[in-house]
Each structure stands twice: as structure tokens, then as C-alpha cells.
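Chain nomenclature is as follows: A, B, C and D, assigned in order of appearance, with residue numbering initiated at 1 for each chain independently.
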């Protein structure tokens, strides 16, 4: 994929094993993430990943909404995150920076990092036909009792976030070895060490242009566009028994 | 390890591939996490993982402090999380539960889940001699410019959290392919899809008994007790190129 | 005002002094708040206060947006808050309710209380012509150096919240005796013991229907509609030297 | 009071009415707040208010704990808040400061402002004998059904915060005209336009030195030291029908 070959991760890595481990996988089926170029924690500069679907062809989510979401909310977060690295580097090298001032920047970094990563995941799990495969349905049912119980909880969390901000995430908790749904109040509210599988944006910019305050209608539309193959692939990769 | 053989993860998994993927790794060197027994998202019951070190032998962190931390804060979170699953199941099956009431429970679940997972990680990266291996130092230096720059930022974030609550985490961001330090204001503030490598508790219960309000002295003590082998092992496993 | 005479505050108050103190002021010029009827902390039921302006006549904020904002976001918060009181009462009287479960409800109550109060204040400081009186400009300039410095900060905070959620509040800090602008990340992030004077909603439901992601244009529109007389009146009342 | 005469509020106020309104009340019975000296929103410098009681004489709260709490946590917040004003002024005057960087500072300012104000209130409602007067008990009972119901809720909220951070506040909601207890997760989580009457610190620095993780014992101790006269006085002043 062209957008991937342009990118290099951790170019300055000095040990071969480390470099190999973090090389992009050629077999990855979903669009590459906003990849870090050389520069590391204080210098990495990201570029937005293009939408992995034709924004004119989703069901019930307009091109105007999707383009604005991608460009303004996701794109804006990428820009802000890039700019923050320089600010952090400068602040850290200044001995007069009090820790609480530094943490003001770190909080903003965490917010923008969450926004970039979650939007990447969100767009990549859209563009499908909305039907989960039998194997995936079984795995979800195994954890939640029934597939319907999973969906009921996922939707309920979303409804409760409507009119505010936040995300709903079905994730695999690597530490607890559990599939769970998570309530997240904003980009920086999240569970630790969880592989995100299905991500639904509940910020109002994800739906207000098309649905106004009708969050329930947006959730319906979201479900009809889920790219379940991506979800299945994430689960397959995410349960690799990494021990934290 | 005995405590591990007693545990079964996802016992009800109906597909062999899924069951195999989530089986505990026999080669894992660090103490097992608070493992989920059968029961899934609404029924899993955890048991606390014993301290992976002799609490009488850490440098500058007293047995009394460590035991109270393990029993009251970590143990209390395990108990609360276990109890919350039943409440969630009940609330979901009651059609009269408004979404915002349900999310009140989900927020508490997220907080306790974070507390359990982070405390597990924290205790497991204590008990060492405090010296990072050359390979790990190189990798950290690769991302942060120098190893000292990494340590300076990690400590500064910690100092800024002193007197309040929160965590400092060195993690590998699986999506951005970056080693980064994260500021986390509480158990539920976290980056998404990050493999946690080194975790420092900055809640006051981690040090007030021994150091009062002197957070800087606690951070010094923490550094002399870091189990770097665990950190190196987590990095090795965490950079497995799982694509989210 | 009719909507006010219908309401009774603290009807059950048993001491005359208390009852007198909390009686509604007949001279109040701005629309009444969502007033509490008898019932107290666990039983009070609020009714939404009508929009204090003709929603067809604001500059750059459409009737559709304003009606949806009032009905769905403000109205929804009133309903949720009313329902939460019964849940709280029930949960408190059940000895088996763990404190962390109770606090899940209290958090939701705080969020909805903030939403109700802030929306009341927001609508009541709209509908004007946008020009601050000389006396008020002087007072603001006294605290911020110049009136323009105040406006620059107020707008900058708003821009930083665009694309997410939150409020900007010019308030009089009763404890510190200072006029200050406050950044608030959501309905439950707020300064303590501050008299709110000018309140700007930065949740996306306040502007996305009319302006999409263009938060800056919304802020411009907001400024042209400020009801400065209300702000001046709030300041006059808010600086009553109540000591906390 | 000497500490008060040294202070001047809003010295630069240019209108007599404004100046008079914010003048300190000579009849105030409780210790003065951390008063703002001239300087306004970007320049005000606070000085810590001395403890309003003999720290050797409280029941079950040690001198060592109270002195550390006052000096390190409260005193540290005053220093940080003073330093932040200069940073804010500088950042605002620099046209290159992005809004999200500015808001990183504003968030820290809100946290420290909350810490200063809440600690002031907390210390000022300690030092008493723990018995509420009949009139106050009646007013509280009027709102909560019974005085015991109020106390049960206040304590339950506190227990739920134990082991983390936060505050419990009995306050008079000026907008809703209600006495209510509030759950607050940290210094910056608060209800809007509420007169705080009784404030209990649940950060671990408020008790860990004396009680370790035993939050319930601290709450018992807190109740035996409440200065109820201060609470009654705050209520009397707080219900002045200021309309927001």
C-alpha cells in the first residue's frame, strides 16, 4: 500500500530486533494508522490516514458529515498532536517549567493522542455491510451470554453518552482475558491494556449534522455500516497472549 | 505456577482457536494477573494476585505500606469490580434502567478495572534492583533522545501528580508505534491501545504512610526498586505488531 | 411573572427565617430558573424554564438549533435529574448499596445538575444586542487589564473546547474576590463558590447544526447575541459579600 | 482582624459601588480567605490563610497531619496558583499560543483554584465540638427528610471516595434553591453556583498519615471536629437570594 511504504516507523532504532518487531506488517488488511515518522516521543510527526471507504456510499451517514469529521476533528487532532511534541520538548528542557505546567501539556497530549487513535479505529471499522460472521458472533456470545446482550449493552452505553461526548468500545482486555464493552467519557478516558475491536464515536460531531440530537438514530446508522471483517481481524490479533 | 493452574480463562469458549489464543502462557515470568474465571463480561470473578516480592525487602517502601496498598487499595478494587458485574447484569436486564443510570455503573466499572489492572502491573514491576539492561536503555534512548530525557520526563509527570491521584506509565503505543510516557489523572484516564511497560502509582496511598507529602522521595525510592527485567519482557511482547 | 408565581421553593421549610431567605425575589429581571418544587434533596422535581427570547430572532443562531438545544439537551437533563432523585432515595435506603455504586448515581446527578443550571444561565444571557454597558466594561477591564484582554481569553478558551464539550464562564469568585474566566471540560467541571455571570456553551449541540465544526463562527455569533444587561445584573448581585 | 486589614481587594476598582460591594465584611466570624491582592485575573497573588484552630487540639487528627496538610497541600496549591497567573498572562499575549495549549494552563489553574478555595473552606469548618444547633438541624432535615438521612448520604459519598481523591460538600444550590450533598471527584469537579456550607476533604493526604487506608475512621474523626457555627453562618449568608 502506497501510503504505508511512504512511512517509516522508528527509523532511528538501533537494534535490529526492535526494528523488526515494530515494522509494519505487510499482511495488514485495514488502512495503516497515522504512522509515526522518525522522531520518537518528542519529535514524531503524524499524517492523517485517508478514509478507508468512499464517503459517498455509507448508509445514513452523509458525505458532508464524514468529510467534516475526518478533516476537522480527526485532522485537527493530528495537527495539534504534532505541534504539542515540540512544546513538550521545549518545556522539558527548560528547568524552570514546574511539573504542573508540564502536566497541562501532557494532558492535552493524551487527549489528542486518544482522538487520533480512536478516530483511526472508528473510520476503519466503518464501510461494511453490518453483518457479523458466525465465528465472531459466537465469540461475542461466549463472553456476553448472547450476542443480543452484547449489542444491548453497547447501544445503551451509547445512548447514555448522547448529547455529550465520548466513545463506546468493545475491547479485549489483555490482562483480564475478557471481551468487554467500555464507557469512555472523552478521548482520554479509557481502559488500560485493552485491544480495541469495535469503536463507536459518540461525540456530537459524529452525528449532529445528519441527526441533530437524535443519537439513537445515529446508533442505528452506525450498526448498518460496521465493517465486521475488521473487527474479527482485530480480535484474532488482539488475543495474542501478550502478558503485561 | 500453582496460582495459575487453578485459573481457567474463558472456560466456556466454544471455538478451539479462540480458547487456544487466550490460554495462559506457561513461560510468563511475572506473576499472573488477577485472572478471570468463567463467567464472561457479566460474571467474571477475579482473585487478587499475591505480591510478587517479599514486602519486607524493598528499599524505602515499608512492609506496612506495601501490605496496606495490596490489601486495601488493590484488594478493595478487586472486590468492588466483582460486585459490579452482578449489578450491571441486573441493570441491563431491567428495561426501566435509563442509559445514564447504567453509565453510572459503567464508569465505576471502568475505574475499578483500571485500578485492578494498574495495581497488578505496578506490583509486578517492583522488587528489582533498579538497573535497566543495556538493550532496554538503548531502546528507550532511541525514542526519547537519551535515557536521561526519558527519566526526566517520567519523574516530572510524577511530581506534578504528587498530592493528588494518578499514574505515570511508560508504554508502547501499538497504533502509533511509539514508546511514550503518559500522564494519567486517575484509574480511568489512559491512552488507547498502549502496552504498559513501566507503571508508577502516584495515588497518595502509594507513599503517604512512609513519606507523607514528600512525593519526590517516594519517586526516588520507586526507582531503586524497579524490576527492569519485567519491563524488558513486556516490551518484547508488547511490540508484537498487532494492528488495531 | 406567571411562571414564577406557580412555583414554590422549599414549601416545607419549618422556620420562617429560612423560608423568607429563599423566597423568589420579585424584582428579578431575568427568567426564573428551573425551580425546585417541594420535595427537597431527594424529591425535588424541576420544570424547564421557557426560552427567555423569541428563538426566531437571534442573529446567526437558527430557530431549529435553539429549539433542539432547549428541548433535547436542556429538557433531557431536567428529565434525567428528576428521575435520578428517586433512584438516589431508593439506593440510600437500601443498606446493601455499596458506596461506589451510590457514587455512580451521584456523579450522574452532578452532571445533570450542571447541565440544567448552566443551560438556564446560557439561555438567559442570550437575546441581547451584544453591547456591554460602560460600567460593566470598566469593571471587566479592571480585572483583566483591558476589556479586550478579557474577550481574547474568553474566546481562546472557547476555541480550545471546540470539537469536544465544555463551557466557558466569566464568573465572580466569591472566595478570592476576583472576576475570572473559567475553562470547564463538561457539566461537572467547575470552580467552587463562583457566581456565574456570562456562560457560553461549547458542547457541539450548541452550534453543529448551524456551523458544523466551525466553532469560531459560532463564538462570533454568540457574542452578537449576548444579553449584557443580564450579565451586569448578575454581577451586581453576585458580589454581595457572602463569606464562604 | 489584622490578617484582613493587611489585605486589599481589587484595589484598582474604578467605581465606588463595585469597590464597596467587594469590601471585606468586618463582621465575618471565620478566618479570612486567601485574599486576592491587587492584580486581577492575571496578576492576583494570594497568601495562605493561617489555620483557624490550634492544630494540637483536634480530636483524632494529629498536629503532624494537619500541619503537613496545610503547608504542603494547601500551601503548595497557593504557590502554584500564583505562578500560573504569570504563565497565563504570557501565553495569552503570545499570538502563537494555540487554544489547546492555553487550555492546558487553564485546566491547571482551575485545579489549583479549587484546591485553594476548598482547603480554605475545609479548615474553617474544623475546630468545633461536632454538635449542630437545633435550627440548623431543622433546616437540614427539611431538605433531606431527616438529619440522619443527610448524614447517611454525606458519609456514604465519603466512603465511596476513600482510597482515591475528592471532596464531599453540603451546599446550597442558589439556582435550584436546594440544600444538597455533592460528590466531587477532584478539586475541579463541582456543582455550578452553589454556596458551600460543609466541606470534607477525601484526598488521602487528609487522613493517610493518621489512619492509613481506614477512610471510615477518618470520617468519624471529621464529624467530631465540625465547626457547626461556621456552617450555620455560611447558610445564613448563602441563601441570600442572589439570582444567577
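Basically, a contact is a pair of C-beta atoms (placed from the backbone, for glycine too) under 8 Å apart; a residue touches a chain by one contact, two chains touch by 3 or more.
Worth saying up front: this structure is predicted, and the values here are computed from it rather than measured.
Taking A-D and B-D together, the pair of chains sharing more C-beta contacts is B-D. With centres defined by CA atoms alone, the chain at the far end from chain C is B. Separating the centre of chain A from that of chain B, both taken as means of CA atoms, is a distance of 21 Å. Distance between chain centres (mean CA atoms), chain A to chain D: 39 Å.
In whole angstrom, the spacing between the mean C-alpha positions of chain B and chain D is 33. Each of the following residues of chain C touches two or more other chains: 98, 100, 103, 107, 185.
Those residues of chain D whose C-beta lies close enough to touch chain B in the complex are 64, 68, 72-73, 76, 163-165, 185-187, 203-205, 208-209, 212-213.
Contact residues on chain B toward chain A in their complex (touch as defined above): 9-10, 12-15, 18, 21-25, 28, 30, 33-36, 40-42, 44, 46, 88, 92, 97-100, 102-103, 106-107, 109-110, 113-114, 116-118, 120-121, 135, 138-139, 142-145, 149-150, 152-153, 156-162, 169, 173, 175-185, 188-196, 233-234, 236-244.
Put simply, chain A touches chain D in their complex at residues 80, 83-84, 87, 98, 100-101, 103-105, 107-108, 111-112.
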